[in-house]
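Following this message is one structure expressed as structure tokens.
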Amino acid sequence: MGNIHGHTFRVATFGESHGPALGVIIDGCPPRVPLDSQFLQHELDRRRPGQSALTTQRKEGDIPEILSGVSAQGLTLGSPIAILIRNTDQRPQAYTEMKSAYRPSHADFTYDTKYGIRAVEGGGRSSARETAARVAAGAVAKTVLKHACGAQITAWVESVADIQMPALAKTPTQKQVDASPTRCPHPATAEKIEECIKAARQDGDSVGGVICCVISGLPAGLGSPVFDRFEADLAKAMLSLPATKGFEIGSGFAGTQLRGSEHNDLFIRKGGRIRTLTNRSGGTQGGITNGEDVVIRIAFKPTATVMKPQKTVSPDGKATSLSAKGRHDPCVLPRAVPIVEAMAALVAVDHWMRDRGQNSPFGRCGRKA
Amino acid sequence: MGNIHGHTFRVATFGESHGPALGVIIDGCPPRVPLDSQFLQHELDRRRPGQSALTTQRKEGDIPEILSGVSAQGLTLGSPIAILIRNTDQRPQAYTEMKSAYRPSHADFTYDTKYGIRAVEGGGRSSARETAARVAAGAVAKTVLKHACGAQITAWVESVADIQMPALAKTPTQKQVDASPTRCPHPATAEKIEECIKAARQDGDSVGGVICCVISGLPAGLGSPVFDRFEADLAKAMLSLPATKGFEIGSGFAGTQLRGSEHNDLFIRKGGRIRTLTNRSGGTQGGITNGEDVVIRIAFKPTATVMKPQKTVSPDGKATSLSAKGRHDPCVLPRAVPIVEAMAALVAVDHWMRDRGQNSPFGRCGRKA
Amino acid sequence: MGNIHGHTFRVATFGESHGPALGVIIDGCPPRVPLDSQFLQHELDRRRPGQSALTTQRKEGDIPEILSGVSAQGLTLGSPIAILIRNTDQRPQAYTEMKSAYRPSHADFTYDTKYGIRAVEGGGRSSARETAARVAAGAVAKTVLKHACGAQITAWVESVADIQMPALAKTPTQKQVDASPTRCPHPATAEKIEECIKAARQDGDSVGGVICCVISGLPAGLGSPVFDRFEADLAKAMLSLPATKGFEIGSGFAGTQLRGSEHNDLFIRKGGRIRTLTNRSGGTQGGITNGEDVVIRIAFKPTATVMKPQKTVSPDGKATSLSAKGRHDPCVLPRAVPIVEAMAALVAVDHWMRDRGQNSPFGRCGRKA
Amino acid sequence: MGNIHGHTFRVATFGESHGPALGVIIDGCPPRVPLDSQFLQHELDRRRPGQSALTTQRKEGDIPEILSGVSAQGLTLGSPIAILIRNTDQRPQAYTEMKSAYRPSHADFTYDTKYGIRAVEGGGRSSARETAARVAAGAVAKTVLKHACGAQITAWVESVADIQMPALAKTPTQKQVDASPTRCPHPATAEKIEECIKAARQDGDSVGGVICCVISGLPAGLGSPVFDRFEADLAKAMLSLPATKGFEIGSGFAGTQLRGSEHNDLFIRKGGRIRTLTNRSGGTQGGITNGEDVVIRIAFKPTATVMKPQKTVSPDGKATSLSAKGRHDPCVLPRAVPIVEAMAALVAVDHWMRDRGQNSPFGRCGRKA
């Protein structure tokens, strides 16, 4: 239990890292949305292992097969959309050391404790490989959002280790983000981050960092207080990702140091509608979008897998030592960018559907409303 | 929609700030748990307005009436527990200015946009007054947790504005936390925070800060990856609270600056069970509790209500100015401490029940399992 | 767990038969719906005990207090609506025999088994008294439906014991139904049913029967296959009522004896839209409403409480005998009519909201959709 | 939306009749349950088209591929189990007439109305072909039930058209049920039913009937009043099946003709536990299982597809005529038997898990409880 996301746009995922396949069922996608299989592949490619020298060298085509829910003409039917991704580069033998030693800061021990059984190879379900299914679902969610309200989602790497890019005047484009394998859109910072990640790899070590994500173009009015605030669902979605340790919206932790008179976003009238002069709120007030950009930040810890030997224990509690041997990312952030975008898209479209109804805006039933 | 929390231990709340009453229905409380009405009152008193010079001077007894679900002997029946709290100090006339001007960084504008109607007085449902119902539910959740597994929850104020208390060697007791009206357990820091809050009030301004919360005594094994990770549900619960802007678990944002080899929590055997040497993970790995303390931090922005005049617009978009006149907290943190604990308790007991079943550990049905 | 109904229009109820109060929270009612408190009282009066010589003589005013979610002008706010009904005629002493003997075909034994504890008085939560909260919620649901799409719900008693009324040419009005205390709209049959119920009472016995319910005016397109078919949710709602043993839609069990060519509803064009010539389907096809009347039937068993002595066992399994002493309905059907209508309304409005969105059709957000 | 079943043992299905594949994700299966792939195939074979002269002649191997959630040793992992079934005998060209005419008593019109688009071939998602995924999930549910509490589920055909088998002294075995292609365990009646179905096919017509289903071996205590009564969830599950028109538990509609003193099930002590002398309740009281057999009946209408020409309209409302040309069952009941069992298993295991917890009885976490 725990593998279904969303209330109205519901997503169920499956798949172990070294099992036959991963995939997703999307239940609640509105009908008559044109799905572009090239876009789906494009999104998966952005998450794909082996895409640059900075990532794991596992080779996966990550080629999605759509099994249901889409007409011959490429329109959604309103029925569940199933997407299948076969694993092709499993190497279970590379993980035999995991049987006899719990990897520090991994989920081996907690999975054993919870389930009394564990897919040892590559972490099984606890591997970040499962996020491929999220990205596939996110591609559908992004498409629905685009057609529903024109909203767009852009994430990028803002810092790695202690290297922090300067604040940008405006949200970068995806092209700017993807220009560097680091997915940091500030070239000078990107260069430093690239060196930093390579140095960590060379040391058999790993680094973490912060991703910023902006949702722009959402209408005001999304979010369901008191428990299902828009930012509450974003926080849950982001903390459901492997390796995440923190979440901020708008001014975040830094904002706690301001006084109210400095922090408040004053209302103004601009372009025929009510806007705020600043956006320390980060796009929501009282848990409901206010029409400004939704701006969030997510902290990713350094990858738990390091090549250096580490002390640990075996499942029966005996002291031992472990050096990782599989293929791993020395820094998850470059590949985490499309995953963060996918989760943001899932949350946004779920709230859009909650408010507008399961058939909006494309269903005939919805149209008459 | 959005006023029901939890999957197995489910809580539905209701109530506007200046309506007749607030309250909660708890659906899924296990049977035969002894509820202590004094403890319930104690928890509400810790959140109550007017409890010190640092808080709003609204006077509410916050006296709970249990309407169902408990036997004459004070044992839960397994049926829904309803708790009612009457509002007694409503002053709707104090809020007439809210009709004609949107308060900056409040939810007036977004509620109007979403619902096309608004309970103007005191913010209605968007007021932090609704959290009284959460604290009542949290008192029940704490009681269940105590009987189920002995787990305990303690929160405290760690920083206000730029005043930060030093790290503690061990989790403070509730008595230590409640010794100061600031709910900061470090006396020297508490003194500074008290001055800081009083200064903000004098200036007609407000301040924010950070609360730390520790759940200790939970068994390893709670949490349902991939979406319903234990920390994901905590993040959602905390970001569902008014005025929250950020969430961290374990090493949080600061942890992104460490290398993996520094950050990893090595496993050791201690006291007959598998433990970790450090706790940068913050008590969960792979979304599942590992038996260590769950340690989280929550950022609260400075209260949006300030007495200084602020520029804003009226509902029809005309520029205007606003000075708050109602009774407000210049800093929400001291009263937020029991609210954070309540939400942590709701998440923890919900996951406990998911794993052990709705009648555990007290129901006859559960006992035979 | 199990006391929350609905997916988008969600209803949580509470209350024991002889506790202080019953009530409901409605989460997801759209904003700006005019609620009529007289209509709410009217619906509760139709379910109220003591309304005629045919029902239990327990005296309850069943006066609802609206605690939240409604503006001073009587418009819903989009926030949770809480309705409280105080019990006033509790007589716990009348039920002492229930402690020492399990009443046959009641829930005493199963509640004891499941929960290990039981509110003995009047059956506690298992008493049909809990349906007062459903009727209160149903009154809100009926109001939403009326404003949303003009749909109307009418139920009536079709048979009691072996007395069956003839088929009607068209759906009776509520006035016709309520004209007789039996709630059978066919006067000659009503008279026989009245005698039948009185005879059962005189014998210290009880009788059952069948209620028919029609929802007219629903748009085509409601229902969410494959699991949440419109009729599936109706079946669940009706079987969640005390004393129900069966559910039919359209041709029901009798329809199994026809051939397909006789049973099929042929499509025709009539009044500018596509209709069916007959309605053996009962208003849904493939789990989705087709715009025809939704026609269902519900079987209620004879009341389990009889005044005649019955053999049974004590909680520790010893053979004993029991004669009921409390106040009971010799036939639940007349009072079950408004309860069936309430459940039908809850299902219909829930599906309407699922399709059109939580703020439809009244919220500003919904309006723009 | 609407393609996910269950609260704790959750099942999401997908697939159109003539799309590439059908399948299911099971989220919440407890860990360490031994899954038998032969049993899975056996269950699918019982539902498979083309299994006898009485069914559709569509040829599908219905060979399941398990994609996740099961270890190399055949034990469940506690992670989602995905099962894929490829369609192999699609003949979309056989359904061209469905484009231009709405089939009477099928879902063509309602799907068009709801979604504004339709998978024309074979009814797409509204085809009973989707039930293959339910049977796959049901096989897993039956396995869990067997290991959890030894419960068993048996369904059979009790009547077809006006041919009704006599009451049996005890529940038949699956072998007795499967002995006849009709799945009626009373040989003399089975013979008549076989003739009846063949006669209907010869006439280009169809017949309906009633299936009885018994769940034996369930512990007392399952079910969550007031809304999620055990029989309420059964009723929903059964009415979610294509072609169902009615549901009964225990005495059902016939029981409405008895008096309470005749209908009540007297408690006795037998075999060391509390039992009932009769079982008119059908295995539940107050919505909770009482340890007796759960006995339900489901009405299936005659198949809507008939070969005889029928009057209908085109999507634009013009009168036309239609004769079916695809491959169809003249009577769905023989193949519906395993489908009814699957749904009963899904409901029973879902309630078992709700009560005992998601990891019971096999998880290490659950074991310690």
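Each chain gets a letter, A, B, C and D, in the order it is written, and its residues are counted from 1.
Here, a contact is a pair of C-beta atoms (placed from the backbone, for glycine too) under 8 Å apart; a residue touches a chain by one contact, two chains touch by 3 or more.
Fair warning: this is a prediction, and the values are worked out from it, not measured in the lab.
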| item | value |
| --- | --- |
| Most distant chain from chain C, judged by the mean position of its C-alpha atoms | A |
| Higher-contact pair (C-beta pairs counted), B-D versus B-C | B-C |
| Inter-centroid spacing, chain B versus chain A (mean Cα positions, whole Å) | 27 |
| Cα-centroid distance, chain B relative to chain D, in whole angstrom | 45 |
| Centroid distance [mean C-alpha coordinates] between chain C and chain B, Å | 38 |
| Residues of chain C touching at least two other chains | 1-4, 8, 13, 113-114, 125, 220-222, 224, 354-355, 358-359, 363-365 |
| Residue ranges of chain A in contact with chain B within the complex | 1-5, 13, 102, 104-107, 109-111, 113-114, 125-126, 130, 159-162, 200, 203, 205-210, 220-229, 231-240, 242, 245-253, 255-269, 273-274, 276, 280-282, 284-291, 299-306, 308, 310-313, 317-319, 354-355 |
| Touching residues on chain D, where the partner in the complex is chain A | 1-4, 8, 10, 12-16, 19-23, 25, 27-28, 31-32, 65, 67-69, 71, 75-82, 84, 112-119, 124-125, 358-359, 362-365, 367 |
| Interface residues, chain B side, partner chain D - complex | 8, 219-221, 224, 353-361, 363-366, 368-369 |
